[in-house]
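Next come two complexes built around subunit A: one with subunit B, the other with subunit C.
Moving on to the complex of A and B:
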């Protein structure tokens, strides 16, 4: 299973082996990672799974959908060029080793 | 030999011992009675929910589907069309757009709770939650008052199924048809006199320049009404059961209403009313030594995934300090419940106001009369005694 590293708001880093097909929000909430909520359950409807993707690997991800871009306008922490919603990023072998940083607040 | 019959009143009453056996011994189980596979472990349900290309919703998502509904609602459409449909109404259901509703919802809750003042015993559903949910839904959708009680009764009836025939009975189909006629009248009225409400917007929306299919508008509106009443009501009665049964947790919530949020999340995990939804396989899948075939239906038992000890330690304990993120009480993935924000807001406000009038209560009956439904689980009546 690919490894994904989350950097929590405290600076603590957590690396998880996640099943292919799960999304990064599910991986975090199912494993007790701090700094992510996922209130809507992963339907791209709440903007509480905001994350900053390692900028050097941003290009490897499928680009955000229109719905995700619209929802990113609602994030509570600063929106940056590498802002994504974790529920819209599916774990794949190609993403092994990806690092995502979680913002100070989600709501 | 072990069997699992989601139509059985025994399962309605207490599915959890069955789920435990399913998870431990038959994690991919063919139910002859339901004629579908049952997935019961958290990780398998999450994986199936994510993989909509394999586990399609287009043949229906209710365990016992209503005729003509599949393919015409959000829950019974696959991406990409699902995502475009959802995009049309999603914004209206976002948490921040709920804030304006907070005060009206509180007023409705306060009024409903005031009706219980001085009572020694009350029937929670008839005397409190159904009054509350119907009025909240009517306020949110801007529906004209007058026939709330009938709308409520039909919404509750249409989700039920017959335990003997394992199908929808004529009374359930009649309620479903009534709801469609009702929705059609509301839609026609809104098109004639549009306002700034969800139904006006949705009934005139277009996707890629095409008007929405008339059946989509009608059945999505019917589903919103059904969910707003039946699903919100089910959530409330299960939460009331838990608050009645676990007095320590309730007393903590009464002393500090901010804890209601945690108590509700744990309630959604512990015994969500949305117990089981189904998908249809688009290709053969091997899982736990079984081969499920393309075309087979698969049940995702959310209520079981939420009690999976592989995910939630000590799962049979109702623990309001657990903060169970990632629970399946609202489903998950692209089809996760659209109304999570309004449901959370409404239930929190309703219990905050209820507790101001009746802070101490317990269940009158140990055994409850459960709604006959293969999808949802909630009591038909819930007598509570004020202490």
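Moving on to the complex of A and C:
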């Protein structure tokens, strides 16, 4: 299973082996990673699973949908060029080793 | 009673209860926090139950809202499968169904809501199910499989959000689906007529049969299992599974028995205080008293989260009022409906975009003032609407309908 590394708001890093097809929000919440809420359960409706994707690998991800781009305007922490919603990124073998940083706050 | 800190007790481990527990910690509370859930599962996301979970696209781990170890790290004690039988607000204790007693300094009620039962003969038959919990949803999944194997149709009673989401998912699984709606249109309490019609067309296009003005009179069964739904006009709809989605009632009986003011929900103010000092409430179980004295019941993730934050603040002696524009969403097929504000009492409507394009927003006005916006596959409109409504800014009908007019510009003035 591909490894994904989350950097929590405290700076603590957590690396998880996640099943292909899970999204990054699910990987975080199922494993107790701090710094993600995911209030809408992954419907791209709440913008509380904001993450910063390792900028050097941003291009390897499928681009955000119109809906995700719209919701990214509503994140609580600073929106950056590498901001994504974790619930919209699905784990794949190609993403093995990806590092995502969680913002200071989601609310 | 000892004077030592006994901590905070939260009844209910859903969205609101979890939020209260985490917001207490985030707010600097250092005492004991006990989160009591009556379901056997650790906190999970409810929204996917009617969609990805029923469709068989995700497993239980993917539903996790907070893993037990995540709560433990915050020193929040989660107890699942625990029922509360009584609250004594004078002694500040709760009694659990096993007879044990927990003392508290502060108590949060996040007891949720229960689906309304269908009040007709035969409604207790196997295969007549409502959707609220993960176990409800799992039971529905096995009956969907049963319908699939036997080639039996699904009948949904109630054309509200839950019923329509289940209808969409059942269609996705290839099952025949009929929706029986008591009113002359779908989602009549929440949507403008033109959107009700649009949703009826969407479901019809996906092969769902919709029957309006349907008064269900009985459930027929054989060997204890549902076989059909009968309506007052004598029509009979065969079914291997019946979904009952006719609304919910707030779980306020514990509060009521404890002398806490309830009126179709636990009555709270904007800061989530109940009528009893030291007791707060949040989420689907509440009815919020508005400045004009009326009561507002909201059943939504936003209400659970925001009221949960207010409730935690109130337990810490702070006032954090939750009066933001209500928002809600519903996913059916490939359409995401996002609603901002409350549209009841609207007298004028304007559509931004075109209904035929499948991506548009309906703006609701009352007395010339914008009161709500319902967006379909138009998240940008939805977020803008929340800002306009929060700021009390109203575009004109003409500005709304003119997609070349920059509505966001109105916020800058």
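Miscellaneous remarks
Definition applied: the second predicted complex is superposed on the first by the 107 of 107 C-alpha atoms of A that agree within 3 Å, B and C clash if a C-alpha of one lies under 4 Å from a C-alpha of the other, contacts with A are read in each partner's own complex, and residues count from 1 in each chain.
In this section, a contact is a pair of C-beta atoms (placed from the backbone, for glycine too) under 8 Å apart; a residue touches a chain by one contact, two chains touch by 3 or more.
Computed from a predicted model, the values in this text were never measured in an experiment.
Steric overlap between subunit B and subunit C is present once the structures are superposed on subunit A. Contacts of A:26 after superposition: both subunit B and subunit C are touched.
Within the superposed three-chain model, A:74 lies in touch with subunit B and with subunit C [touch as defined at top]. Of the two partner chains, subunit B and subunit C are each touched by A:46.
By the document's definition of touching, of the two partners only subunit C reaches A:34; subunit B does not.
In the superposed model, A:99 lies in contact with neither subunit B nor subunit C.
In the superposition on chain A, A:66 makes contact with both subunit B and subunit C. Shared-chain residue A:14: touches no atom of subunit B or subunit C. In the superposition on chain A, the residues of subunit A contacting both subunit B and subunit C are 22, 26, 29-30, 32, 37-46, 66-67, 70, 74, 107.
Contacts from subunit A toward subunit B in the complex involve residues 19, 21-23, 26, 29-30, 32, 37-46, 65-67, 70, 74, 90, 107.
Residue ranges on subunit B touching subunit A, taken from their complex, read 42-43, 46-47, 50-51, 83, 86-87, 90-91, 93-96, 311, 325-326, 330-338, 340-341, 344.
For subunit C in complex with subunit A, the residues that touch the partner chain are 15, 45-48, 51-52, 58, 61-70, 73, 301-302, 305, 309, 329, 331, 336, 338, 377, 379-380, 382-383. Here subunit A touches subunit C in the complex through residues 22, 26, 29-34, 37-46, 66-67, 70-71, 73-74, 107, going by the rule given at the top.
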